[in-house]
Amino acid sequence: MQEFVKATSQAGASSHLATAGQRESQTRVINRAKELLADGTVARVLGWKAGDLPYNPEPAYFEKEEDFADFVYNGFCGANLSKYMIEASKLEGKTLVCLKPCDTYSFQELMKEHRVDRDKAYIIGVGCKGKLDIEKIKAMGIKGIQSISGAELEDEAETLTIQTIYGEKTCAYKDAMLERCHVCKGKDHMIFDEIIGESKETKDADRFTEVEKIEAMSPEEKFAFFQKELSKCIRCNACRNVCPACSCRKCVFDSNKFDSAQKANVDSFEEKMFHIIRAFHVAGRCTDCGECSRVCPQGIPLHLFNRKFIKDIDELYGEYQAGADLEPRTPLTDYRFEDAEPGIVAERG
Amino acid sequence: MKTEKNRAELIKEISGVNPLKCMKCGKCSASCPSYNEMDIKPHQFVSYVINEDIESLVNSKSLWKCLSCFACVERCPRDVKPGKLIDAARQIVVRERDNTYLSPDEVPELLDPETPQQLLVSAFRRYRR
Amino acid sequence: MSIEKNEEFRPKIVAFCCNWCSYAGADLAGSSRMSYSADVKIIRVPCSCRVNPMFILRAFERGADGVIMCGCHPGDCHYTSGNFYARRRMTLLFSMLDYIGVESGRTRVEWVSAAEGAKFSQTMHEFVDKITSLGKNVRLEDLRCRNL
Amino acid sequence: MQRIGVFVCHCGTNIAATVDVKKVVEMAQHEPGVVHAEDYAYMCSEAGQELIHKAIKEKKLTGLVVCSCSPRMHETTFRNAAEKAGLNPYMVEIANIREHCSWIHKDIGEATEKAVILMRAAIAKVNLDAPLKPGESKVTKRALVIGGGIAGIQTALDIAEAGYPVDIVEKTPSIGGRMSQLDKTFPTLDCSSCILTPKMGEVNAHPLINIYTYSEVESVAGFVGDFTVEIRKKARSVDMDKCTGCGLCQEKCPSKKSLSEFNRGLSTRSAIYTPFAQAVPNVPVIDREACIKFKTGKCGICSKVCQAGAIDYDQTDEIVTEKYGAIVVATGFDMIKLDKYDEYAYSQSKDVITSLELERIMNAAGPTGGHLERLSDGKDPKEIVFIQCVGSRCADDRGKSYCSKICCMYTAKHAMLIRDKYPDTNVTVFYIDVRTPGKNFDEFYRRAVEDYGVNYIKGQVGKVIPQPNGKLLVQGADLLDSKQILKEADMVVLAAAIEPNPDVRKIATMLTASIDTNNFLTEAHAKLRPVESPTAGIFLSGVCQGPKDIPETVSQAGAAAVKAIGLLAKDKLLTNPCTAHSDELMCNGCSQCANVCPYGAITYEDREVNDHGIRERRRIAVVNDALCQGCGACTVTCPSGAMDLQGFSNRQILAEVDAICR
Amino acid sequence: MYKIAKENLTALFQKIASEQELYLPVKTAGQTNFGVWTEDAQVDLDTLKTVKSPKDAFFPQSETLYTCIRDGKKLKIEPEALKDQNFVVFGMRGCDVKGVEVLDRVFLVDPLDTFYAARRDHGTIVALACHEPEETCFCKVFGVDAADPSAADVATWIIDGTLYWKALTEKGEALTETVKDLLEEDNSADEIVEKEKASVRDIVEKLPYMHLSLEGWNGDVLMEKFEDPLWDELYKPCLACGTCTFVCPTCQCYDIKDYDAGRNGVQRYRCWDSCMYSDFTMMAHGNNRKSQKERFRQRFMHKLVYYPANNEGMYSCVGCGRCVEKCPASLNIVKVIKAFQKQGGEQ
């Protein structure tokens, strides 16, 4: 055991050395946050706290200077903190929140819906070079992970080096990236007070490709595809609870208003109902932040529902990106006289 | 089968015109530069199609008097476009002649300077596709 | 002439009709004695914009084979704009149902004015035929409802 | 659990011939909650209602299901019957087993089965019904009339005569509208001014009528009985109280190059002007765009010559806020623009004019002093051609799809007047159809033909070609004689289509009154409620609702007034209780519902709520019952289901779905 | 000890399945979960942790208790039949087997949960020892030996393409009898298995979580831990989803709900519930745990304090590490234990 501790601390130290110069923007965020805390501009800081494994930082509040020892911002900080701002908006004083470019869309959408208070937020737009998906790394057969290097924002390396108890492994940064980063909306922050850190473009795929693939299937294939995916659903509600658009105080699936409160699927119809209605409720408001797919414990590609609606909205009612502006009307609370008739669904086959 | 009904339907299909929209205002006839040469007047074309009397239409002088200037098409307040109907009737005649009609490639060599411009334009319109 | 009637598939069809146009249109079909299949059952709603996608999924869950929504013609809504919202909602919902593999003919929207009794009857004829040709809805039905 | 009574009507044989009503009654008795079921030949009759009354009393019913004709027919009847027996009227549901069942099905088995299912759906719904009570709202006893033409004037007079104060808001400096621009009126040929001016004077003098000219409606809030309207009084630059209307300022004004709107641009006016001599009020306005003082800061002549000291260059727009119980829209019409009709050479030749321009030319107070002359050279026209349906009855986007209705008659009038005054002048009218439905209308048209020798030719004109000699070559067809006509004319008059005043769209939006694709305001019912907008408290007067001539406009104006008076006469209004309500514990305050509410009935308030022990301030949607019309758009927009519609609640509709699907 | 070549496992599964239902790890749409064996199921014995624990086999996520059927105004109640067919759960890991023990102490005590008991009676557990435990595992902390799943009916090891099979109980023996034809007795197996165990235990020693200290956590520290201000901070990232509870092999809370199947009747069923949910134990008067902090605290207090208090000090966590892997906010029981430890260190 002693040996192990030594080994890891050494590994930790060496990886620390390797990245010390590269953690510049993390340090800048920390310094700026400390400044703003000290001068009373903000009462707390919402960021990420290093986890006890190399890849599991958690969203956390920092209120005191010494808390920042654990502050981290790297490739594993995928969580969209904008939803936490709903609760933070109720607290005394301003909350400094670190938002990645894609998170700012969610924040703006929440502003539009009066769920977060702009005046209670001090937004530091943090840079992003694509966020990592530990599930993808593990799916490559990499297990027993002890440390990971190359996940820092400033790392130029295109490769992650992973120390495991079963030996050293490497994988391309790109291959470990979350699906959403491959179809990134862009690295511009929609709303911020200041920006710290550079971003790197990660988009290398079209976000509707997967949707189109399904659209091209026969009804039987479509049904089989979704049946297979959705049969995995355990109704843990992680997709809903992480979703910044699903911010209802009381979800219809928890209330008796529609007789729809079911905690588990008893029949295969229920998960379809749940996911269709959930996607429908966020249609026109979903920014495609991809959190639902990131958190699904069963790896269900839930974004395929939301993106279908986004694609339809773009095609039928004009290009629309939720959260890109503060216009109060969303595609489903708006209309044009000449809108397509529902029959178009059958017509386009 | 070549019934009058089918031919009338064909005319509607080719021209994309719904003759029932006609309110018989006669603006087409008023606009037509070839009016006096015609035995069936432009506004009457519409009723011939409605009444499915295509035989009379295709045998009429008017069919070949129309210059395809499309003044009637442009001015028709009801979007009935008699000119298009006439054009479609000509198409019927041409189609019913089987393969004896000209291919578009043969047209240029048949052109001579005496051919009225309107006719050329008309020909181009027809063979545009 | 002994066709076994009981064996015949009788679709269950729910029709949501707005109070001001389509319900009145259905009334007119009735007073004009324009028949359509008894498989169609009408639910009166104030406006097509009252129809929640949840209602439609619920109908399928409970074993409906087809759901049709009728409202005032676009621009004629009693509430000015209700059917415009309904139109977008239904378009997206139908598209999603199609996307997950539900036959797209099982849902339909038709605008029927209070004067269009004939259209109402005709639409219902067509819809019932369509659903009959599609057969039983098995992809969205909750089996508990059938087994019970 | 409700105690439900089911009443099945035979409707004579209308229902009973195809639905086995006894069977329906029997099936009803098996339904949970049903404690009473019976059938009767005519439920809606006195005797039938008596049965209902008795059953409510004896069986202590809490809910009723009546299986009968359409609720559109007798829902109110049965609700009233229930109320008389002490039951809340909203505890009644109708199963429509006549229009939706017995009348369309032939097979008794099938129809009975369906009737039972419809009954079950109604039972399922009534089980979840809750007693509803209509709210009350107050009525401000004051009316607003938007538009000061003949329609607005007549409406205002009629309302004021009934004893209610009325405000008229008119955009231009004077009331009078289109009618004040007309010369004579058909079919009697009275002088337009002679009949209109006294009415203008009457309005001006009426103690209960207040006129805001040169003013526009800025915003409208509130709802039937209680509208709050902001009116923008544009800066007139002349003090209304001081001005004596002497007219000296207009005479001395050095800027005289502005085109007169009143004369359709056929003459000019000064920068300080009253549109016409009989303007009401007789107070000029300064057109600041044309005024030298406003443009350069130098001049001020009007101020110098005004003995009353009424000129006020510093006047600014003023916003007046007023409360009204009813609003009448009387925004009138204008001619369409003819820029898309090149074939008629309107923009190429001064001698091609519109009918309204002809009205001004014929008018003694008009640009030519009432002398009919060519505007190009001042010569007397000897040959005049009238072209009908210019832009009316059009299927394309150049014109309007509708018939403008008044053109046939005014053209006959023009033709007749010209032939009467200038017997040497030939008048030809190219027409498609001559439409003369109206008292003495066809006789009038026949007189033009028979007594005045107006030449009517059936056939639309194809083209008007200005000739080098100043004449206009009119190319038309005589469809009846099958010949093409080429006619040289001195003057061509176009009967341009009329269209609603373009401002009406903005006003309709403010009023949440619906508007059709042609920008005409929509009436609540084409036949039965032609002067009411579907939006409660908004009434329609004149051409804003559809093309009309003067007699029709005046009668509709009176009708709109009566409807408004009917409203103002009430002390309180009962509101429809089937309104939306937001559950404060579930509401997110996200504003999506307000985005789709066509009535602006949803507002938000910060309210402290106690959510199962958690107290916090939340943004909650609040529905104004008086404004909400119960469409339900908000209920579907609301993702959490916090917003629900009374009388058509989510659970009720789901219960109906369940009942039908099983 | 018996053995069977890995490539013959299909035959083994076929044999078992021909007589009783067989649950084992099956890969569907990229994820491995326990499922019923069928000819075309993609059996996956390489994945260490199935997404959901195998507790479904005994305590399904949802199960019908009884059905009320309406007949006019009368009501007929039809209870659901208890499990009366034998079945086998193959491939449970040591931690999961221990998880069943935790459930037993809840469901098999008075009042007996007959639905659960019937399943336990008819189920035979064939455990599979871990070969390559991972950094998220901490079973050793709770006394589970990843290398030797000794609490099962049958223990198995897969070593170099061979499955070694050792019956441990009567049920295990009975199962072994039915498949004996396919198995091969191997006297040298013990040695091979022991070697494997040692190697796995070596790996276990190297894993970061395996040395977690549970000092200070027992049934006697209720008030002290309950009132600790640390909870005020710990819960904050929690999204209130049910992932941790639904993947957990020991979480045993359930809700009882009614499904109204329209006019035909009502089905009463129970389904897993999660103490993380806002409507968990919601009652007419409201909720007795109003805030997410209280709900969050409940889960860990239950695992580490309440359960041990009622079960002779036995914790209701088995260290499988599923919550560590799956929590969307990267929270987990290890972080909670460490946070208290750190605080203790500081004081």
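Per-chain numbering from 1; labels A, B, C, D and E assigned in written order.
One rule holds in what follows: contacts are C-beta pairs under 8 Å (C-beta built on N, C-alpha and C of every residue); 3 or more make two chains touch, one makes a residue touch a chain.
Please read all numbers here as calculations on a predicted model, not as lab measurements.
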Output for shared partners of subunit C and subunit E reads A, D
Using C-alpha atoms only, the most centrally placed chain is C
Measuring between mean CA coordinates, which chain is farthest from subunit E? B
Higher number of C-beta pairs in contact (A-E or B-D) found for A-E
What whole-Å value do you get for the distance between subunit A and subunit C if each is reduced to the mean of its CA atoms? 39
Averaged over CA atoms, how far is the centre of subunit A from the centre of subunit D? Could you give it in whole Å? 51
Per the centroid of Cα atoms for each chain, what is the distance between subunit C and subunit D, given in Å? 33
Euclidean distance of C-alpha centroids - subunit B vs subunit E, Å: 82
Where subunit E touches two or more other chains simultaneously, the residues are 259-260, 262, 264, 267
Hunt down the residues of subunit D that sit against at least two other chains at once, touch-wise. 517, 596, 637, 650, 654, 658, 661-662
If a residue has to touch 2 or more other chains to count, which residues of subunit B qualify? none
Full set of chain pairs in contact is A-C, A-D, A-E, B-D, C-D, C-E, D-E
For the complex, which residues does subunit E have touching subunit A? 28-31, 33, 48, 51-52, 61-62, 64, 132-136, 203, 205-209, 211, 233, 236-237, 239-243, 245-247, 255, 257, 259-260, 267, 269, 271-274, 277-279, 324, 326, 328-331, 334-335, 338
Taking the touch rule as given, give the residues of subunit E at its contact with subunit D in the complex, in rising order. 70, 72-73, 260, 262-264, 282, 286-287, 290-291
Show me the residue ranges of subunit D that touch subunit E in the complex, using the header's touch definition. 30, 32, 120, 612-614, 658-659, 661-662
Taking the touch rule as given, give the residues of subunit A at its contact with subunit C in the complex, in rising order. 214-215, 217, 219-227, 252, 258, 260, 266-267, 269-270, 272-273, 276-277, 279-280, 283, 305, 308-309, 312-313, 316-317, 331-337, 339-346
Sort out for me which residues of subunit D touch subunit A in the complex. 517, 583, 585-592, 595-596, 604, 611, 616, 618-619, 637, 639-642, 644, 650-651, 654
